[in-house]
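Below you will find the structure I want to go over with you.
By letter and in written order, the chains are A, B, C and D; residue numbering begins at 1 in each of them.
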Amino acid sequence: MGKYSYIKEEAYEGNLLLPKLNLVLFTWGNVSVADHKEGVFAIKPSGVPYDKLTIESMVIVDFEGEVIEGNLRPSSDTPTHAVLYQHWNDVNSIVHTHSTYATAWAQSQLDIPIFGTTHADHTTSDIPCAPPMSDEMIKGDYEYQTGFQILNILKEKKLNHKEMEMVLVGNHAPFTWGESAIKAVYNSAVLENVAKMAYLTRQINPKAPKLKDALINKHYERKHGANAYYGQK
Amino acid sequence: MGKYSYIKEEAYEGNLLLPKLNLVLFTWGNVSVADHKEGVFAIKPSGVPYDKLTIESMVIVDFEGEVIEGNLRPSSDTPTHAVLYQHWNDVNSIVHTHSTYATAWAQSQLDIPIFGTTHADHTTSDIPCAPPMSDEMIKGDYEYQTGFQILNILKEKKLNHKEMEMVLVGNHAPFTWGESAIKAVYNSAVLENVAKMAYLTRQINPKAPKLKDALINKHYERKHGANAYYGQK
Amino acid sequence: MGKYSYIKEEAYEGNLLLPKLNLVLFTWGNVSVADHKEGVFAIKPSGVPYDKLTIESMVIVDFEGEVIEGNLRPSSDTPTHAVLYQHWNDVNSIVHTHSTYATAWAQSQLDIPIFGTTHADHTTSDIPCAPPMSDEMIKGDYEYQTGFQILNILKEKKLNHKEMEMVLVGNHAPFTWGESAIKAVYNSAVLENVAKMAYLTRQINPKAPKLKDALINKHYERKHGANAYYGQK
Amino acid sequence: MGKYSYIKEEAYEGNLLLPKLNLVLFTWGNVSVADHKEGVFAIKPSGVPYDKLTIESMVIVDFEGEVIEGNLRPSSDTPTHAVLYQHWNDVNSIVHTHSTYATAWAQSQLDIPIFGTTHADHTTSDIPCAPPMSDEMIKGDYEYQTGFQILNILKEKKLNHKEMEMVLVGNHAPFTWGESAIKAVYNSAVLENVAKMAYLTRQINPKAPKLKDALINKHYERKHGANAYYGQK
């Protein structure tokens, strides 16, 4: 077992959760896990079906996106993960999927409005949708620029990546992250569920009001505040 | 086996039904079972996945919401359950979920209209959606006040909790109850199904009329009236 | 084994198909199988979950709806089945469900338009939705009158029950039938699928035209005409 | 084992994938696999359920649609497959299904707009919907003419069958193809997924813009271009 076996195993386990939670069709998603001390992350090899993955097939890449260890090509989204790890030393795992409802919102180029406590239990704002990038950026290093698209939309919306752990990339699909692979994949499933509920809410009542501030704060605080009382200590 | 083993077992079995009936994602729902003679109820511990639950992990709480027995924190919704048991001595089980279609109606802040016999087989009125609570109530004892929100909407709509065993809490999600855990969970599944059918009905025909009174009464009576002939004697 | 064992077994197998094909929640559907020579049919007992059914639990009823054999109450919809068997001596099985999309159309009180060949492979007309019955009929023998509602809508639309083996009862839910339990349940699944596709078609294109006559006839003839070439000889 | 055993086995495996990927109800779909050197293809027998199929039950047909080997009738869609193989000597497998969302778009008689990268990863244009065929063609050799409908819509839209491996036949349902059965069935699943996402996108935002050209080209090139970097070498 090599020196990166721990992150390879966590990335492997995280990737296997994607089909289990119905977040991917075929190979359309990837999970990475970083070791910030070593300046590397483990990521799914490109185009390999989940049921053919092994711990050893995970690819080790540095924060410039260069392969350090592994015989397979890393996910084509690797530069996006690399940019985010470069900027966020407190994020240990990143997930990308094309889950159906979240992707439909991304294709709609609309933020997901905060309509209820299911949303507020996880974050206090609308989930932002980054606008499509400029033609120059697309023709350049596309996946690398996708990382900056995510950083920029958070900056523009004055959101901190520890408070908002999910983003839609306009015309494309969602990215989520967290302190571990389990948490980052959990966020992808939350996002898909919140996206479906928001879609249905607007179909039922096109004038549905957003959640009021007092409720937003209450639900977030009870799960994430200093006096959080959700879950076990 | 302690003195509360019977309600702990029923609460445990009821909680396991939630994922089986596709009513919950992760830990987003809880079932409690009361013993009115002892003035206590057993409830799911907070934030514990359903596949990690054991009968012994159920928490025993009194009708003030104080823990009587158990090493884990009870569900954060415990005060809501406690208020309802205080007021309803003929209700033995309460269920809370964030099931998708029922939650979308709650987020829409609309009652679910009675469109068909599937609905009328269970209750004779629209399923009420309580308006969001005032900011003062939210900042106070929020989950405790949620119990009063439920009591108040039933009072306002002149509905008896034995005739209407399900309510939407506006911006939040559904609560259902019944004479046993199986019946209360059954009501959550009925609500989700009726919510989906009502959503589709309005999409197909925005002017769909409600069920007429003669049909409402007929369907309810054949299942719940003095001369009920649905099911076995 | 009694003299009705053959129809009891077929009714039992037919009922088990309902949950397998996702056409029912809990006990919300029933299948019957008739023996026209004996003037009786076997039907699901009322309110019994599918996984508790046995061949012996099927109830034998005559075409007046009177129980001939069996210890349990027959389905509350028994008089509807009885009326139809009285009038249709070439129908051997009848199915009633509350399947989601078909029921939403019934609640919408709209016929399901013939939009494509999936529909035309099974019948050449819109699937009719019977209007809600009069208050007098509801207060009388409701389930018996539901049988006449079905007979009347077919008559009004000039449809033969051998050409149109499915009907929506307005505000209520679908009934289907066929020469065997397998065929009648097949028709329930076809109806649910066609109902979902028609719903989606109108959401995508509210002005979607109906299938033209030449295509309707072609698809129906290739499966059901004198020179049918679908399936094995 | 006969001389066609290789294509019979591949067709058999391909047909079994259809229910596995939830693309068919009952027998509503078929996969064929061609051997262009021999001028024949293996196709599913008509109306036989997937769980009753065997390798030996696959029917061998020539490119005129005449049965060469096999005891069962081939799929009623056989002439459509034959016409396409006649014209496309670089296509080895064709798939026809009535998958729900793709069929709803076909019934809507609308092309599926290219809204996102999930679509662009597979093809650079809207997925075309062929208009219903003329009455004369329907009354003639219908399934044979369906093949020409597909050839004509591609010609009209100036699309090459190697770049656009999926088409909707108006009022009917989708056809897809590819270099192998696995690839052709993969395309059917991609189409169903893209059709669902496009439906949701337009429901969420009726004015959702199509994907811009720079993104279309980038996503397609990274998977299919000369310097493709998606997947393994």
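What we mean here is this: a residue touches a chain if its C-beta (ideal position, glycine included) is under 8 Å from a C-beta of that chain, and two chains touch if they have at least 3 such contacts.
Heads up on the chains, UniProt names are A, B, C, D = L-ribulose-5-phosphate 4-epimerase.
It should be emphasised that the depicted structure is a prediction, and the values quoted were computed from it without experimental measurement.
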**Message:** Need the graph distance between chain B and chain D over the touch network, please.
**Reply:** 2
**Request:** Check the residue numbers that chain C and chain D use where they touch, and answer same if over half are used by both copies, otherwise different.
**Result:** different
**Request:** Just grab the chain with the largest centre-to-centre distance to chain A, centres being mean Cα coordinates.
**Result:** C
**Message:** What rotation angle takes the CA atoms of chain A onto those of chain B? Round to the nearest 5 degrees.
**Reply:** 90
**Request:** Starting from the mean Cα coordinates of chain B and chain C, work out the distance between those two points in Å.
**Result:** 33
**For chain C, residues contacting two or more additional chains** = 203
**Request:** Between the chains shown, work out who touches whom and classify the graph as line, ring, star, complete or other.
**Result:** ring
**Item:** Touch relationships between chains, expressed as pairs
**Value:** A-B, A-D, B-C, C-D
**Asked** Along chain C, where are the residues that touch chain D in the complex?
**Response** 115-118, 186, 189-190, 193, 196-198, 200-201, 203-205, 208-209, 211-212, 214-215, 218, 222, 229-233
**Request:** Quick one: which bits of chain C touch chain B in the complex? Just the residue numbers, please.
**Result:** 25-26, 28, 45-48, 72-73, 76, 98, 100-101, 103-110, 132, 135, 138-139, 142, 171-173, 199, 202-203
